[in-house]
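Listed below are the structures to be examined.
Note that subunit A is present in both complexes that follow, paired respectively with subunit B and with subunit C.
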Partner chain A sequence: MKYIEKYGKVIAMSAAALGMTAALTIESSLAYFTTYVSAGGSQVVNLGAQTTIHEDVSNMTKHIQVANISQINDCFVRVKVFYGGDLSIGYPDSPDTPSNPDWYLDGTTDENGFRYVYYRPILPASPDPDRPSLTTPLDVKINVPDGFDRDNFNVVVIQECTPVVYDESGNATADWTTVYSEYEEFENHSGGRGEEADD
Partner chain B sequence: MKISKNMRRGYALTLAAVLTLPCLSMVKTQAAKGIDMGQECSLIVSVEIGSEAGANDKYLEDFNQMSIPVSVYRVADVDVTGQNYTPDGVFAEGDTALKFSGIGSTAAEWQELAEQAEAILEAKSPEAAGETVVQSTGGGTAQGRIGGLHPGMYLVVPEETYNQDYSVQYAFTPYLTALPSSVYALEGEGSDDWIYDTTIGLKPEAVPQYGRLNITKNLLNYNETLGQTSFAFLVEGRETPDGPVVYSDVVSTTHSDAGNVTVTLDRIPAGLTVTVKEIYSGASYKINGEDTDTAEIWSDAAVEAGIAGVPEGGSTVTFANEYGGGNRGGYGVTNHFDSDGEGGWTWNNPTTPAEE
Partner chain C sequence: MDKRRGVSRRGNGRNVTYVLLALAVLMLLGSTIGSTRAALTYYSENYTAEITVSQIGVSLLENGDVVSSRDYDNDDWKISTNQGKDAVSGALLKNMLKKDEKLALNKSYHEELSVRNSGTIDEYVRVRIYRYWTEKNSSGKDVKITTLSPELIDLNLVNGNKWVKNPNDSAECTELYYKGILPSGSETELFADGIRIDGQVASEAAVETKGNTITTTYKYDGVEFHVDVEVDAVQTHNAQDAIKSAWGVDAASLGIL
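This part shows the complex of A and B:
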């Protein structure tokens, strides 16, 4: 991890900031010391949350599950499904509401017409990597219109995770918008730009 | 050239309407006098691209510019009555010899015999009795002439031919025609005088061609802590810049390092102009540059032929992204569905099963 060597000072300064901050996370602070991405201001850096996606299909309904493979970070999860303009998606019992109450739509649509579906519970860390914690299934029905004359199509499913953070009252929250300002320094000094990046 | 599916269907329907099998009525011929076996015949192979078929401008445009090689093979002798045919040359050999006895007047029977003759042709590659190239002659007609043909039965074999930009292939069904012929033989009524200079029409079928689009994602840097990341693209195709979207699909790339990853979408109708938009830029990454690009879809045949202006390997669009400072991990998968041909879809699972 040559990045750690390069940014040792930045990481050390950020570690000091970590000690002063009022908002603390639980076990995930360990992840902080393993990352090469620096923290800005007094924010707590929560990195290391990693998830994997698992799917099945029956009757043109996708059954999507997300696993938390991090051994230390609890996280929140959300999913977005992308599809071509000829298709549409819905849910087994409703066009707009996931059947599984663990999942919900936040009501906003991006500029391209797609929406995130959020997993309500915290997806806990998985101390045993052989037994990762899993979301309950999100069932998404793919609607292929009558007269659809293509012989193939794609549906893209993405999942995101964000580490659990706690507010001043100790409530677990999901922050889907945090951007660390000092990452630019990482970018400017990394020397890794596209194809020229070191392996 | 931009050709919609409806237009392509229109081609086939229009052509089917103006063409008939010359042999259909042949067996009805009751010639008043015999064939002059010493007189040479000629065959004009024609495509009518004016009047009826000319209503389709795209069809007209294609055939005004195309050259269609046509060969004819003499498959049988004919007797002086014009009623009896005897297989000739390789078409008379062995168990595969053509059998004219018992052939009725239905198109299906003659078409089946033509297919048998084509199979023999492919297996034994006899020398053609004559060749021509059908080209536009102006006035809404494309045609070519083959002279010096002795009376007999001929298999007419036009070559499969692409239009100028290889977006449409015109395929032809080989068929049998008798020389000489008569108005009665061709139309089932009228004069039964033998016509030694005969004109027949081609029976092309417009076969739409498909091409591919390469989408290259250049990830300028990579946050190892967050793990692999994905980017999703919406590809929409139009026949004209302001026309409706006639093709729409999505695809994604997934990265576990900085650098390039290329994904290819195939089976895109050739001739379309596609707009590619990055609609998802990773959980913690951002676009570097424009998020939208356009490309022309060239058919695989055009790429293989290496015609001028066609990029090697097909059209490619490239996007660049960089880490955007977020702390969110996650990635995606492209689920590919193929038609099972029976109204259902076969899913190729890109993930491993969940193990609870």
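This part shows the complex of A and C:
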């Protein structure tokens, strides 16, 4: 007891020093070698399209061309020709096949019997807004029955465009199944999906 | 008596001499031991510093080129990136598009990503991949878009047998753990080999007609997709605890040890 009383302080101090040393040792053994690196990148997705339709009529034939006036985005285009009454349409060399091989029908018709005609090549964007890229002409022959007023009939052409996408094989393709959902910012704007042109 | 006393004094004097001699020898020995210890300590510390134990390092590679590395070398961190001297983070996707090429939806672009152990000790590695969308707000500042799914940024992950996916991933952050030790100087198998932006990003649009001009405006026109990659490396010694401490995961249950 006497011994403890005499050397108690020294023992306590020694124990504390030992504890601190041990704690320091433990801390250093818990530090692990680590390192890290980071990198990042981004790209802008430019969407959007601007197309215009041009058409002339001569000899009861419509000459239709579509222009891509976007300076950024390429697109695919298609047109549909509506007509009424006893009119019908065909193509200069065939009733069912466009003469220009750039244009083709996919074999489907809508509920009213009208058909889309698709432009095969990509219609590229043009850096120069004064020189937009144009499709080659699609000639549509208007068949008017005998006795029909040739100066007063109505044939309407609509055109649509869709951005260029790629399929699983990496081929450029058009996705015409895209649903154009209501888009708040524009929902009050008038106008349909296609541009109409009356004759 | 005087004679005896004289003998005794001489004897005592000798004793003192012997004691002093012995003390001198002891002190001499003591000082030698001390200096030896000091020398040993000195060299021992230097030896520890010279040993390559602390030279851990890691590099991220994109299409075979190092985009960012951070290696411990000569008591300092050596950082290098493909963004220049002062940058701490590398740049990805810089060469994704060729000159004047436009980003096409659904098209798969070449984007090979892997990790190299650029240190001198073996290590375990993991990568964290962040995918997200931003757009510019009215003041031109980038803000995150939360309505556009990160999954539309399709980074094609490969070698799933070597890169173990964290089952608790979020849509925005994917964690991949490299299975096994990555030896010094070695490179992992690729963890990604391509990137593709899903065409669904163009699924919402509005069409406006003015005269004979149709303008199709997409909801997500002008958005920017981002891919950020972080690579972490940790020592292999006491790996289970080291990984738990550094990454907060149980390496054994992930099956990466």
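Points worth noting:
In this text, the second predicted complex is superposed on the first by the 128 of 199 C-alpha atoms of A that agree within 3 Å, B and C clash if a C-alpha of one lies under 4 Å from a C-alpha of the other, contacts with A are read in each partner's own complex, and residues count from 1 in each chain.
Throughout what follows, contacts are C-beta pairs under 8 Å (C-beta built on N, C-alpha and C of every residue); 3 or more make two chains touch, one makes a residue touch a chain.
Just so it is clear, the structure is predicted and the values come from calculations on it, not from any experiment.
By the touch criterion defined above, A:54 reaches both subunit B and subunit C. Of the two partner chains placed by superposition, only subunit B is touched by A:157; subunit C is not.
When the two structures are aligned on the shared chain, A:65 is found in touch with subunit B, with no touch to subunit C. Within the superposed three-chain model, A:107 lies out of touch with both subunit B and subunit C [touch as defined at top].
When the two complexes are overlaid on their common chain A, residue A:83 makes contact with subunit B while staying clear of subunit C.
By the document's definition of touching, of the two partners only subunit B reaches A:144; subunit C does not.
Contacts of A:172 after superposition on the shared chain: subunit C is touched, whereas subunit B is not.
Shared-chain residue A:129: touches no atom of subunit B or subunit C. Comparing the two interfaces of subunit A, the one with subunit B and the one with subunit C have residues 34-37, 45-54, 159-161, 163, 175, 178-181, 183, 186-187, 190, 192-195, 197 in common. Chain contact summary for the complex, subunit A toward subunit B: residues 3, 31, 34-37, 45-57, 60, 62, 65, 67, 75, 77, 80, 82-86, 110, 112, 114, 134, 142, 144, 149-163, 175-176, 178-181, 183-184, 186-187, 190, 192-195, 197, 199. Across the complex, subunit C meets subunit A through its residues 53-54, 56-60, 62, 67-72, 77, 81, 88-94, 96-97, 102-108, 119, 121, 123, 130, 134, 197, 199, 201-209, 212-235, 238, 241-242, 245-246. On the side of subunit A, the complex with subunit C involves touching residues 30, 32-54, 69, 72-74, 125, 159-161, 163-167, 170, 172, 175, 178-181, 183, 185-187, 189-195, 197. Put simply, subunit B touches subunit A in their complex at residues 5, 218-227, 230, 232, 234-236, 245, 248-252, 257-260, 265, 267, 277, 279-280, 283, 320, 322-339, 345, 347, 349-354, 356.
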